[in-house]
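Next up, some structures in structure tokens.
Shared between the two complexes below is subunit A, which pairs with subunit B and subunit C, respectively.
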Partner chain A sequence: MSVNDGKKLLHVESIDVSYGKLKVIFDVSLYIDDGEVVVLVGRNGAGKTTLFRTIAGFLKIRKGAIRYREEEINPYKAFEVAQKGIRYIHQDKHVFSTLSVSENLELAGHAIGNKDFGPVFEYFPKIETLLDRRAGNLSGGERQMLLIAMALLGKPDLILMDEPTEGLAPHIITDLATSFKKISKTTTLFIIEQNLPLTAQIADRVYCMREGGIVAEIESKDEIKKMSFEKYL
Partner chain B sequence: MWKKTLDRLGPLLVVLLVTVLRYLFPNKISFFTEIAIYTIYVMGNNILYGYLGLVSFGQPFYLGIGGYATALFLAYVGHNPLVALLLGIGSGLVFGIVLGPSFIRLKSSYFALINAALCAIGVFIFERLLIDITRGNDGLWFRSNMSKLPLLDVRLPQSFFLFVVIVLFLVLMIYRHLDRSTLGTMFRGLQSNEEKLKFIGYDTFKIKWVGFTIASCFSTFAGSLYAINFGFVNPSLGENSRAVEVIVATLLGGSGTVYGPFFGAFAFLGIKDIVSRWITRWELVVGILTILVLFRFSKGIWGTIQQYLLGIQKRVSGSNDIRSPKGSRSAGAGS
Partner chain C sequence: MNLTLWIPAIIFGFSISGIFFLVSLGLSIGFGLMRVVNLEQMLYYTVSAYMTYTMVRLTGMFWLGLLSGVVIAGIIGFAVETQLLRRVYGKPMLFTMVVTFSFFLIGIGAVQYIWGLAPKPVSSPIKTMIGIFGMEIPLYRLLIIATAGAVYVLIQLILQKTILGKAIRAGIESPENLEALGININRIFTITFIIASGCAGLGGALNAPLVMVGPYMGFDMLLYAFITVILGGLGSIKGTLISALIIGQVISVGGTLWSPLAFVAPFVVMFFVILIKPTGLYGVKGVV
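On to the complex of A and B.
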């Protein structure tokens, strides 16, 4: 991977994050380049979700900096970070469950004045057949598709996905992996994933997280294919 | 099909129904006038409760503000009731904009209580603090100061009824538009998942502020209409002990829906009218109604009607992919 310093899409520099007095992220640094698919792996409780929520502006850092296109973004509110082009997809797969699928899409697009749902239906044709459905009644896989579709409607440059395949059936995971490949042609992806074979399949680069710190960064395609990150978990 | 038609004709049907009933029961004209006004009052609370998910125990305060804005103008300044009504709406706008930022920041339980506090203070202000201009509990009379409008004389009950019905029609059209608009979807989205709304780029604080202000305008407008209807106001319009009534009416009609407030107002005032002939302390009935609605009738009247119609459609079309009524929100225990 290119190491063109200073031109990173996202640059996290030695950040600490705490919940009250409980520090859960220790001196984490990482970067994401334009166009990459970067996967973050780590056990439950390692601090992955906390890291994503921090990048998305929901938690504030105690030390360090988070730069997006060279601008320090952590002081901004979550909605302002979103407006700058970062979309965060929760681990819990929550949609606007009392609204219809089309209302969910409408909200996501309206935030940036985007009414053209065509491109996202190309990624997820299934969604187009579910428009009148109440979003709360969708299956896990459909919900994940809707969430990604909603993120895409915001025309982001970077999507943070928190365990998108968690709890989904294998054939749906295969479909999603194909979608990730397509989406990554236009949008940079930073994905938390526990599914190691899938990680090996989609990642350009892998970060391993453990007990609140980044313990390894794997750049070599061969090492990724061999799933050598497994030993850092 | 029928659903679209019903929705399109809704405001007209509501207004026709009230008008037909008014001519069927000519001696109940003031009752039907009050239904139209109360519907607007419930609509305001419905924006808070049904759309934004906020409970307020202080809605009579806003009713009082609108009522006094109108009454003070007509008693001391001018004669045109339309100007007085606009002032009533304007008072809601001002209070919404000014109070909004500090109120909507609060946790929902605190929001409910701060409004209750405000309401209690409001009664004190109307009754004591401003007694020189409001005349306290004696009430402020201004009926004879109201001028006759070119087409309508609001001082005549028949004529005011027509005026209120036209107003209700317009307000329902606006409300339906709001419900369908992206702003309406934002309100419901906010209630469904506020954090998610932030993560897709919305300033939820502003959305709530706008919602609070719109709700406040509906409530003060209803207060203004009450004032003109009676030709006088007294502090009981803003009585804090009656705060729960509008919440019950909202639930009874079906919260988070366009036509729920009308059914809620109708049922609530109807029950009140019938029951108060036999029982003087009809608050007992409010209490029982509240419990019934919470445990047995959480979709409310309009929600139940919609569900029933959907059931018929389902049987007719044989389709099994029909979602529940748009945005209707159950209030029952554990939901």
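On to the complex of A and C.
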């Protein structure tokens, strides 16, 4: 597996992560370039979410380093990592259910003082029609759109999405895939995805994770289209 | 029906509710937002009452005493949140209770050292009585009711209309998701805690003329604050208000009916409400 040593948007270098004494991430290295859509695949329990939570600043590393635009970010707290331009969308699709859609968006842009919702409505026009609705009353697909819109309001360079299509209807997944392609023109995406056909459709590169380690990196478009990463799962 | 008995009882009940509401806010918000049972809130209530007493003694100005009590309560709250509570966030609830109760006990020790054991009287700043349906009601009691009502409205305005309030509501639902948006949750905790501590201090200062200010006044109040918060639902400000209104009336009107009811009835009410709705009246996670 190659880890490119040039200037990367994100560079994870040989990190170990533990929950107490239980080590769950072993010597993981990977990189993300500007403008890529990189997908991380792996079975449940492989350590994918732990890796994302670590990059996002919610967990601390035991060894190694995480660099974002050449700056070591592992000492930073989660909110500082977000302010630096990495937005993390949790797997649980949790929107602030007692707040309106508009209030959710307002909070999302607050950290960088962005009150201009217009650009995100271009990706998700439906959100504009739901502004006054309580976020808790949104459907699963609408929640996911809102979460991505909220992440985009932070004007991030990198969005980490943890299983964004989990539990969604096929036609919504198709719509989201189209949105990912549009968003990737301005924002780099690093996505955990279990949906392999979708992965083949959207990924520029694929990392395969198993038992806390990266076991393969697929760079060839042909190999990705053929879903050759399936054998590593 | 003997109005001369019931009208003052109801109004006195509302004034008790006002104090309970102010003092219980910190407990309720502390659990809702920070998942910490911050029993030391009763220390702010106690210290503020003593500050009021001291300022009245020194200057004769009750309102200056009240202001200083609220400010001191807020300052101690700030110090406790940033220096102590941050170390217990995420720990089991019982652990947080032991830590905060220990701090409360240490604080009471300091209060005893500074002000002594003897109870201190504070005279009411307003002696005026006003007539309601022919009854003479102390204006000061009405002022307490109005103050508590104003605090509730102000807090709701903050929660609904300001970015801080929206962040607090969001933080009560999911602190981690709020942090992922780049918002410093610790700052939200600190500001919230200062407001809650100030409210407990306001309760202590307002209650000072109604009770004898003593080192153990916080213990007495702790019991009622607990009932108020559990009955209303932990984390719900609206629930805390409704619950305080119920408990205040149960104590005052119940005590008028048969004096032992003033002590027993709040527990009976809490028992039956929890039996029917274990989360309390408004105890749905994430609702303020």
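In the analysis below, the second predicted complex is superposed on the first by the 228 of 233 C-alpha atoms of A that agree within 3 Å, B and C clash if a C-alpha of one lies under 4 Å from a C-alpha of the other, contacts with A are read in each partner's own complex, and residues count from 1 in each chain.
We adopt the following convention: contacts are C-beta pairs under 8 Å (C-beta built on N, C-alpha and C of every residue); 3 or more make two chains touch, one makes a residue touch a chain.
Note that the coordinates shown come from a computational prediction; the quantities given were computed from them, not determined experimentally.
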item: Overlay on subunit A: subunit C relative to subunit B, clash or fit; value: clash
item: Touching partner for A:N137 - first (subunit B), second (subunit C), both, neither; value: first
item: First (subunit B), second (subunit C), both or neither touched by A:E103; value: both
item: Partner chain in contact with A:L59 - subunit B first, subunit C second, else both or neither; value: neither
item: Touched partner set for A:L146, first subunit B, second subunit C, both or neither; value: neither
item: Partner chain in contact with A:V17 - subunit B first, subunit C second, else both or neither; value: neither
item: Shared subunit A contacts, counted only where both subunit B and subunit C touch the same residue; value: 56, 58, 77-79, 82-83, 87-88, 90, 94, 96-99, 103-104, 106-108, 110-112, 150, 154
item: Subunit B partner contacts - residues on subunit A that touch it in the complex; value: 56, 58, 77-79, 82-83, 87-88, 90, 94-100, 103-104, 106-108, 110-112, 132-134, 137, 150-151, 154
item: Subunit A-facing residues of subunit C, complex; value: 163, 166-167, 169-170, 173-174, 176-185, 286-288
item: Partner subunit C, residues of subunit A touching it in the complex; value: 56, 58, 77-80, 82-83, 87-90, 94, 96-99, 103-104, 106-108, 110-112, 150, 154
item: Touching residues (chain side subunit B, partner subunit A) in the complex; value: 182, 185-186, 188-189, 191-193, 195-204, 321, 323-324, 326-327, 329
